[in-house]
Amino acid sequence: MRALVIHGPNLNLLGTRQPEIYGAQTLGEIDRAIAARASELAIEARTVQFNGEGEIIAQIHVAPPIADVLIINPGAYTHYSHAIADAISAVGLPAIEVHLSNIFSREPFRRTSVIAPVCVGSIAGFGADSYLLALRAALFVATGK
Amino acid sequence: MRALVIHGPNLNLLGTRQPEIYGAQTLGEIDRAIAARASELAIEARTVQFNGEGEIIAQIHVAPPIADVLIINPGAYTHYSHAIADAISAVGLPAIEVHLSNIFSREPFRRTSVIAPVCVGSIAGFGADSYLLALRAALFVATGK
Amino acid sequence: MRALVIHGPNLNLLGTRQPEIYGAQTLGEIDRAIAARASELAIEARTVQFNGEGEIIAQIHVAPPIADVLIINPGAYTHYSHAIADAISAVGLPAIEVHLSNIFSREPFRRTSVIAPVCVGSIAGFGADSYLLALRAALFVATGK
Amino acid sequence: MRALVIHGPNLNLLGTRQPEIYGAQTLGEIDRAIAARASELAIEARTVQFNGEGEIIAQIHVAPPIADVLIINPGAYTHYSHAIADAISAVGLPAIEVHLSNIFSREPFRRTSVIAPVCVGSIAGFGADSYLLALRAALFVATGK
Amino acid sequence: MRALVIHGPNLNLLGTRQPEIYGAQTLGEIDRAIAARASELAIEARTVQFNGEGEIIAQIHVAPPIADVLIINPGAYTHYSHAIADAISAVGLPAIEVHLSNIFSREPFRRTSVIAPVCVGSIAGFGADSYLLALRAALFVATGK
Amino acid sequence: MRALVIHGPNLNLLGTRQPEIYGAQTLGEIDRAIAARASELAIEARTVQFNGEGEIIAQIHVAPPIADVLIINPGAYTHYSHAIADAISAVGLPAIEVHLSNIFSREPFRRTSVIAPVCVGSIAGFGADSYLLALRAALFVATGK
Amino acid sequence: MRALVIHGPNLNLLGTRQPEIYGAQTLGEIDRAIAARASELAIEARTVQFNGEGEIIAQIHVAPPIADVLIINPGAYTHYSHAIADAISAVGLPAIEVHLSNIFSREPFRRTSVIAPVCVGSIAGFGADSYLLALRAALFVATGK
Amino acid sequence: MRALVIHGPNLNLLGTRQPEIYGAQTLGEIDRAIAARASELAIEARTVQFNGEGEIIAQIHVAPPIADVLIINPGAYTHYSHAIADAISAVGLPAIEVHLSNIFSREPFRRTSVIAPVCVGSIAGFGADSYLLALRAALFVATGK
Amino acid sequence: MRALVIHGPNLNLLGTRQPEIYGAQTLGEIDRAIAARASELAIEARTVQFNGEGEIIAQIHVAPPIADVLIINPGAYTHYSHAIADAISAVGLPAIEVHLSNIFSREPFRRTSVIAPVCVGSIAGFGADSYLLALRAALFVATGK
Amino acid sequence: MRALVIHGPNLNLLGTRQPEIYGAQTLGEIDRAIAARASELAIEARTVQFNGEGEIIAQIHVAPPIADVLIINPGAYTHYSHAIADAISAVGLPAIEVHLSNIFSREPFRRTSVIAPVCVGSIAGFGADSYLLALRAALFVATGK
Amino acid sequence: MRALVIHGPNLNLLGTRQPEIYGAQTLGEIDRAIAARASELAIEARTVQFNGEGEIIAQIHVAPPIADVLIINPGAYTHYSHAIADAISAVGLPAIEVHLSNIFSREPFRRTSVIAPVCVGSIAGFGADSYLLALRAALFVATGK
Amino acid sequence: MRALVIHGPNLNLLGTRQPEIYGAQTLGEIDRAIAARASELAIEARTVQFNGEGEIIAQIHVAPPIADVLIINPGAYTHYSHAIADAISAVGLPAIEVHLSNIFSREPFRRTSVIAPVCVGSIAGFGADSYLLALRAALFVATGK
């Protein structure tokens, strides 16, 4: 099974900024943890990061031949990018929404996700482990029903 | 590590009703899957189900001596039971919100959780596997930071 | 045909309190009128009253083997108990919502029913006769289409 | 006792259009069923249908000398015709609101009735039987208190 | 100066219904009072009453050759008939909105007027005298600036 | 009959500022027109102007022994001064709300009056003539019913 | 192919009033342009105009035997006539909503259409040419899929 | 005079949890303070605590023969339990709403009380002293007017 | 301990107007009752009344040297005077909000307090006794924690 | 006349994904149909597609020297990209908004367009023919008034 | 050039209260800094402070002969005083809104300014330097275009 | 001190488009004015312009080593780009929001800034001088506290 992990805007700064909210791991460390867990689970995982909405859309468009499941942390685009949601719907791959922090206990605008309705499910609040749980969930999604 | 899994209202009917939304597994089967996975992960898991808001609150009150983490699927109480949220806050145990279905792609009233703000994180949309992922997340929550 | 009539919270006080809104009949008198009318219509009617949301849910859960139609006056739960609505959906019995008073000419919060969307229909405003009309409607629901 | 049954806009198309929502009976068949049931109940029932808001208002204005109770299915006017509601208030006859379908399980705009607050009660969701139940309710309204 | 006074829906019932809200004068008496005052003020006043929105619109359309000012009590159409508002805008005659009762101290839906924004001014709350004051206001409107 | 005319905030600038909205008359000229019309109508009229909310309240408090009717143009306080509304309710004098401009065709915040619900009626949109019409309305209010 | 073009309230005034918004053509001229274009496209087009909501509904009811497509400019009814929307749904003909002006750049209340959800598509902002484009669109709708 | 003091959900945890919000006193200590103050004031006070909405309703139902005044801290039910509000209305006893903390300076959902409209008055923000003040207020309520 | 009691707008009319809402006591009588109770409790109480928002603010500004606790009935300013709320925050004295009537069972606009979030607590609904209870609460506030 | 047709995000996937909503034509086929129709109408049409908001803005900036009219299908940006709307306003070219599907009969968020207010008009719901109609509309816009 | 600087309610307490929000400078010190900077910029600056809304309005009224630009920190009146906004509009002087703190990162009610729409511009968040920047902006406003 | 000035979408068109709103200066001229003022103030200022949200985010990410303060005019992104706000929060540099026009006196959607809460302060309405004032404010921000 192949998973494409898309990190959204500002996630490239992880570990260097606001560790009290997002944890102390850098994105590189998280990507290595993802690779290690994927390897354990026999998943081919690829990770990418983009700050631009258009770039994320373009990446989703080319995902079907290279991935069976999308794992996406849309960052702040979570709350308004209907265009990313449309891209996910359009390519038809099952997608899992991931957040490092519990978006429901933060500012009100973070409590609404326009991406969630087009995803199979979501995992939020477990720091970098949210991604690792998503890998397992991806197995379920790709094979379980 | 000890986890208390609380199934909320109507979940006792799982597998016998509306399998197109909630899947074909019965609550008994889910509880056995939880037990099996917990055993693999060296977690002591206990599962309970209640239809009454007051009973769920009472159960949460007595959790601290017997559990390190709460895993709770509040069912429809998700959307209005501030009393359950207060109970979780009051006992101070880390809690993980779980949903079988992706509550964000259903009716609008299901997109708001009054429980989420007092939880560490949430996992939704993976059927019974949502619980199994939550067991792993519980390990992270209890030990990871 | 078998009908289960569920009286919700505070209805046990009927006839003794606020007769200007709810009429002067006691719940016992209403239940006797229901029994009489059911007998005329060859309906096996059973009536129960609960103040607790969890108890109503539990009663609905056990209804399928003993009833063909639910007749429910959810009292104030009408306006917020998504858990009762879920219970009705889950058991799959046709349900009829009944109110003694015309909930639409009272306080604004009473104008919204979260139960109505999962019912076949509703009858409101005719005092205890709302129940008697619901018995006839139950015949229609159980046999008419 | 005399009842005036007013069918609102588009109801003249009943039975020929959208039977999955409104049933297969034509308005003529419904009117005959009303006549038959009224006869059983010793009610003098008269039925009329109008598409225009002004015509419905005018009909209500002339009802007092010829009817003791109004039974009205305001169709889509249910949701915005304060003018019809004012007409009902003005003539002072008791009125019963009737709907073929359960307006609460359809589009959001159908969940609000501006007519309901000026009616004695309402019956919705039982197809043509909603009218037949309303005839019985009319007896209650005209004589019962 | 010529004034066309348009009475909206249900105003034909004045004096016979709900005198506690609308006063005891019949529309005929009001029209005679209007005629008397108009005569004093050297205004040619014509009065009409319609229950239908379309009829009111049609009347407004033909007003320009026969009137210099419109005086309109739109009744319940006040709160939703954008079509009447468009008619007033379209014919370009100055219009004065009149209400017998103080619409601001009644139900919330009566506090919004979609007609008011296209009128020169409004007079509300003085019973039939609202019309008589509007005749004087019409003089001001037609000649005063 | 005695009328107390209260001009609210900024009305002292009338005639010198924004004549395209409020007209070219100064407040002095308007007060003289009020005096003249009052004299014709055998009304004892007194006019005052205040910019402060507290001063308007204090003036209303002392009105009962010197006035039978209040005529008040609350200016921008119209839209939020519940304290002025309470003062009018408290003293129990009938009050008439007056506006120079048609507040309903201006900015949205001007379309709500918190004063109107405690007044007998309102007159808006006729420039300084709004006051003169209010004097006549005051006669109606004081004597007409 | 046969098209029925329904002009809603106030459109009979076109060309004589507010040409800055609606253009200088009269409805007669527009109807002639429609006839000419229809002739070019081999469409049998019939045009009607009504100010009354009930009349528009009645016209839609009788359209099926005489038209394959409805082209409707509902005027101000666009924003609140659920009864017209129900009529379109009921008769089952494909409908095209047309507006002379761009309703989205005018007052806020004009930005909502209750008719649009039951139409195939909409064309707005091109003056009388909106109708001519709709004739071409009607060909597409009737034959294209 | 007899007072029944009802402590709502989660209040049994007082003193052991979140003392920074609710103070360090246990519910037992508070109940003893209530008893002491009641004794000083010659009030027969009885205290009970329930987590379940239905249990609180049932308790209110049986209060009339044993209490003259209700003192109720509805906990989180304050914000949504219309059923408890209905119970208070139904039994007709004067009720006083009590809160330990100032609910108006906490989360927005805590600023609305559905219980308050059916109470005589409310006291909030004085910790356990809120109850002691309520005992004095109960004397006023029972005897003062 | 020293308390400054501030009566807001319109409270000077107490006892003479609307006794059905506010009671029959005059402000002078209330002030004497406050003085008597304060004396019993060994509190130095000073009472003032202002109709102007600015005057209330100025009074709050000079309170710190002469008072340990503020007791304030902001009247209608309760619902919009953020400036008074800022004054209370700025001077840093603990404040208690008092209302004669139960503001939660009156008009909707009275259910929101912009003052409450900056107060320690509030007491409402007990008529003049609300002030007397506030004196006791002030003791708690000044000394109790 | 020269038209620049801008296809927004995800439209490059047309024909390959969700044909039940967007039709079976690929964007290449649509572009060829546009070219053919443009040729018939003697329009120089150029077509471009972008997924990025910034790229669309940049394209609009450079349009004036190469186009007389913009035809834009903003995809999901329709609902939130005020930046694209500003770009259209800034360059001053007339613009026509186009949608393949009827955005008014889909999810609620699709019913609002922030682009529409800065366009001349809009055409929606006719599949690829929406573009072809827009070409004709562009002729009208460029030459017709 | 002459500038009138108006400090609104509670600003007289600056430096003595809540320095963590408003800084440690007293209003006297700020006024001296304003005087010094004004002198550097050859501006005649006058500073005043009022707690009352009416006093601020009165001050604005008399500003035209003595000032070319208003610099106003309306304090909490920012959020509701339409009367102050009307005063600024009425006198026609260019005005600059100033805030010490960044009102957009504080409570939600502080994010709306009813004064801003009638000002030329606003400066917020730079402590006392907001005033000094406003002096420079005043030069721009008075002379720059 | 080093300042990075970021111009958002469409600002590259300044001076050539809509000068009545944005002034006649080109962005090049503004950048030269910024350079000149910065030089006077001994600030190293760098200016950049981007239309893409992702590009602005990327620029903010690399700002810390090259700037002490951000000065940003987010254009229309002001109103919805939570991703830019997150970028500003993440890099931790103090930021100043700048607008040429007074966004509070334009369309309602322009009155909300999602960027403002993460900035130190904001300056709006002074045309190109807004940037020059921001340079001075930047000195204050970087050194003043």
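In order of appearance the chains are A, B, C, D, E, F, G, H, I, J, K and L, and numbering begins at 1 in each one.
Assume contacts are C-beta pairs under 8 Å (C-beta built on N, C-alpha and C of every residue); 3 or more make two chains touch, one makes a residue touch a chain.
Model, not experiment: these values are computed from the prediction.
Both subunit G and subunit J derive from one sequence, and where they touch, over half of the residue numbers involved are common to the two copies. Taking each chain's centre as the mean of its C-alpha atoms, subunit D lies 62 Å from subunit K.
Chain centres here are Cα averages; for subunit A and subunit L they lie 31 Å apart.
Subunit G and subunit K have CA centres that are 54 Å apart. Contacts with at least two other chains are made by residues 52-55, 80 of subunit G. Pairs of chains that satisfy the touch definition comprise A-B, A-J, A-L, B-C, B-H, C-D, C-H, D-E, D-G, E-F, E-G, F-I, F-K, G-J, H-I, I-K, J-L, K-L. Within the complex formed with subunit I, the residues of subunit K that make contact are 8-10, 12-13, 17-18, 50-55, 75-77, 79-80, 109. Those residues of subunit B lying in contact with subunit A across their complex are 23, 96, 102, 104-105, 111-113, 116-127, 129-130, 133, 136-137, 140-141, 144-145. Subunit A makes touch with subunit J in their complex at residues 52-55, 57-58, 61, 80-83, 85-87, 89-92, 114.
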